[in-house]
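The letters A, B and C name the chains in turn, as written, and every chain counts its residues from 1.
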Amino acid sequence: MTRLRTAALFVWRNKLLTLAIVLLAIVTVLAVFAPLFAAFEPGAMRIARRLRPPSDVHLFGTDEFGRDVFARVIHGGRISLAAGGLTVLFACAGGVVLGILAGFYDRADRVIGKVVDGMMAFPDILLAIALVAVLGPSLTNVVVALGVVYMPRVARVVRASTLVIRELPFVEAARALGVPTHRILSRHVLRNLASPLIVQGTFIFAYAILAEAGLSFLGVGVSPETPTWGNMINAGQQYARQAWWIMMFPGVAIVICVFSLQIIGDALRDALDPKLRRTV
Amino acid sequence: MRKILTASLAGLLAAGAATAALAQEPRRGGVINVATIGEPPTLDPSVSTTDVVGMISLHYFETLYTFGTDWKIVPLLAAGDAQISDGGKVYTIPLRTGVKFHDGSTMTSADVVASLKRWMDVAVRGKQAAAFITDVAAPDPNTVRITLKEPYAPLLSLLSLPTSAAIVVPASKAQAQLAEIVGTGPYRFRERQPDRYVLLTRFDDYVARDDAAQVYGGKRTAWLDEIRFVPVPNANTRVEGALAGQYAYADSLPVEAFPSLRGQARTEPVVLAPFGWPVMTINTRQGTLANQGVRQAIQTALKPSDMLEAAFGDKAFFKPEGALYAEGFIWHSKNGVEVYDQGNAAKAREMARAAGYNGQPIRILTTQQFEFHFRMAQVAVEYLRQAGFNIDLQVSDWATLTQRRTDPALWEAFFTHSPFLPEPALNGYLNDQSPGWWSTPERNRLVAAFNQESDTAKRVAVFADLQKVVFEQVPIIKIGNFNALAAKSPQLQGLTPAAWPFFWNTWLKP
Amino acid sequence: MRRYVVDRLLGMVLVMLVVATMAFLIVRVIPGDPAGIMLGPDATPADVAGLRTRLGLDRPIPVQYVIFLRDLVVGDLGQSIFLGRSVLQALADRTEPTLALTLMATLIALAIGIPAGIVAAVRRGGALDQTTRGLAMLGASIPSFWLALLFMQTFAVALGWFPVAGYGEPGAPFLERMRHLIMPAVVLGLISSALITRFTRASMLDVLGEDYVRTARSKGLAERVVVMKHALRNAMIPILTVVGLTVAVLLGGAVVTETVFGLPGVGNLVVQAVLRRDYPVIQGALIVIAGIYVLVNLVIDLLYTLIDPRVRYR
């Protein structure tokens, strides 16, 4: 109860965070229930109504095929959010395994450490481009590529936390008592990893949305037929002069999502990191 | 009323003539930047069919013949028309004398023979011609004689084209892979910085023809000191750069940019009409669409006028026309066009079922590198799905597409486009070796007759029959005609809009 | 100290080996026959076979790997198929715009990020902190290609302040070339200033809580002196780390930004190489870009030992 009140107070004081949560909630609801909110099919073409500016019929205007931009933005949100979310899951799953191995076993650490360092030496987008070039452009492959790209970040955080957790008195005690390693891992380590993972996952979510858009924009991402936000900006750039709305609204959607996620991630870090709490 | 109108019109015309006279004083000097669609893969136009290579190399390499007004074949390095004898099997070509190469040597028939042999060896179209050629010889220093196995009407067109081109280089430098760029053109190659520019400078010893200029033919004068071809792959950036006055000429712009190019101080639109025709080529050899009935159903389902509108927007830039050659070309005919532009989903569904189609996937290849291909493909997919077809649209880069389409197991249809080629025989659908592999008894009989006939009027009649067979057997679906858009600086004078833009005979107004 | 440097250098060699191996593998597992795709539809089977031999693709993978490493050690990154020159030469031709762009963007990012971070830390929780953090977050949330397009429309096309694209005419003087970099550098700088703001704020907060800062305050020193002299100097170390991270962000950002602005940099080269299937270039560029990142971070690590004596005893 008191915890809840503290949380409520925290949110109230932190107006930016409130804004972020509200924005993200709106985007998520619109995306998840897209068919309910969109008056048009996202793929339905009406060539005669192409390039119409925003109006009460077409809230965000129409694109070069006369498709409703609003419908496409919110349907695109499903794909962008799904891609981001799946990337987080994939990166975290892989990162946790690598991180715990590195944190627990010194020999594994030497190998994993170097591989992680090597992977992190590539700029995110560059490694993603190369991996998608290898795997072929599709939604699944973009998720896999981005998951691989962000895996080392998670592995680093998990390794650092595991090293700390390993030395905690109760873990040492459990080990001394002969508790099997997998029990220690599931009971103590994973539970203590939750906080750093949530923080890291929020940021990766944000970065993955940006990176997916970047890949689509460069023409090496999800099939350009799919209405993702990056694809819409890519297609809309040619009409930047006479139909600004085609590339403006998906861009704004990306900014809102990524902005909200980063604010929330920052707040989570502040709330979950005891070292910072001290200085509040 | 009418008188007043006429009078004011006359006044306008007079004023126009006066300004035109002022502007038409060519001036030597100046440097221009030309924005191209991308880095040329090579500087040698014989090994490439890429338009950007043709456009750049036109300035330093020349061919025996070239195209004048209305795509008429006119001599360039040849002194005059070829004398055709022995029932169309021997071509005797007189050469110009005193033509200088960039290395200072003078062109002789030995150079031309070596160059033509090289062309037959390395160029796609050269290999195509080589199948008919038995001998290339030089009876004297200023004459070349080509002997054929059987009459082959497209020969002079092949010798005139700037892509897969029969360029003339010194015999000593006619290796398969050119080590040096030495031609006879009004400009010479100076420097290439990949992805930055190709730099050409005026060739001061250029020997020009005496006859009046007509498109690529006639007298060529290099007024400009220097031409730089700058690759700008992003179409949007080409438009913006033109608007900002960065380029004297910006090639191949998206037609959506037309309104924004009008009434600008630093640039003006250049429209080339009609430029060419987008087309859906169908795999007739293998897979679901080897079935002619299904091909006919697809033709019935599509609505090319909608595809054109989505691709080109402004109605000034496209014309829904089924005929394989646009009105104005001698090859134009209305034979068989009734089946064009139906967009009839119900009928198509019926036809497909009758032909035995039940939901087999149809793989359509397209690329985003040509935005209008991709937009047409998206509209096509929408119409085909409505008619019950199961479409798998595969988007890749153009290089991958051109690789993939050579394997009949990998696709059912792909999008491409072509300029209206002056010689119908050069079109891919009339070559059974090119992807699509259309080869039926009806087609083969007509194509053979077409290639061997040298009388133009008779060839026109044969082509009209061929067009009818195209609509019946559907090896391709022509989407329509489109115009090309480019932009030029108001300072650039004397430009003739052309399929492969060229800059001799142009100059900069001070 | 010397031991530490040697260790770090050895570590770097190992990381570069990982980098090179990954680049090698990525290029080898791309589906399809690279030689066939690279030569295009007009190539004869003989051409394709010739190129395969020239690229060494006809040998077993382990043999290719050994040859690749041997060449790499002597700085041979192979030949670009499309550009007709060595990969090293192709990369060298492109370094100027990329390096200049990265440098300009880093300076812009630091000029914005460090003051903003200090202000936010000093006024922690206040309105100014909230605003600064909000703006920084906003900056980090904008897709660079989208911001680049908006900037191009506004400052180059509508206002005509900057050139739209490209890197100047052939033989353009240095200043003219740099003028073409201003807009891309501002785009990249704005976006990466967010990261620097966040890190500066965090490390300043850490330091402001330390004992010696409290001592300095209790001695009655002016707050300005405490912040600028005592706190900032110590906060510089973590900030230095983030500069290293920023280099990676910027090198990646350059890939996208150079493409939009048509700059002939390394990033643009990579994107073009992917589209052209110029595998030796993709491989070489991956190695060189990652190499730059590793080097920058090594230099920063070594700088630590100079700035912060505590690190030496680690």
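Assume contacts are C-beta pairs under 8 Å (C-beta built on N, C-alpha and C of every residue); 3 or more make two chains touch, one makes a residue touch a chain.
In this text the structure is predicted, and so the values were computed from the model without any measurement.
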Legend entry - Which two chains share the largest set of C-beta contact pairs: A-C
Inset, instruction - Tell me which chain's centre, taken as the mean of its C-alpha atoms, is farthest from subunit A. - result: B
Inset, instruction - Give, as an integer number of Å, the spacing between the C-alpha centres of subunit B and subunit A. - result: 47
Legend entry - Length of the line joining the C-alpha centres of subunit B and subunit C, rounded to whole Å: 42
Legend entry - Where subunit A and subunit C are represented by their mean Cα positions, the distance between them in whole Å: 22
Legend entry - Residue list for subunit A, restricted to those that touch at least two other chains: 219, 237, 240-241
Legend entry - Multi-chain contact residues (two or more partners), subunit C: 153, 259, 275
Inset, instruction - Please set out, as single numbers or ranges, the residues of subunit B touching at least two other chains. - result: 397
Legend entry - Touching residues (chain side subunit A, partner subunit B) in the complex: 43, 45, 47, 50-51, 64-65, 137, 219, 223-225, 237-242
Legend entry - subunit A-facing residues of subunit C, complex: 11, 14-19, 21-23, 26, 29-31, 124-125, 130, 133-134, 137-138, 140-146, 149-150, 153, 198, 202, 205-206, 208-209, 248-249, 251-253, 255-256, 259, 267, 270-271, 274-275, 282, 286, 289-291, 293-294
Legend entry - Parts of subunit B lying in touch with subunit A, wherever the complex brings them together: 235-236, 254, 256-257, 259-260, 306, 309-310, 313, 368, 371, 374-375, 378-379, 381-382, 393, 395, 397
Legend entry - List of subunit B residues in touch with subunit C within their complex: 33, 39, 41, 47-49, 124, 191, 193-197, 199, 228, 230, 232-234, 237, 240-241, 243-244, 246, 369, 397, 399-400, 402-403, 405-406
Inset, instruction - Please name which positions on subunit C make contact with subunit B in the complex. - result: 32, 36-37, 40-42, 82-85, 90, 93-94, 152-153, 156-157, 160, 163-167, 169-170, 259-262, 264, 268-269, 272, 275-277
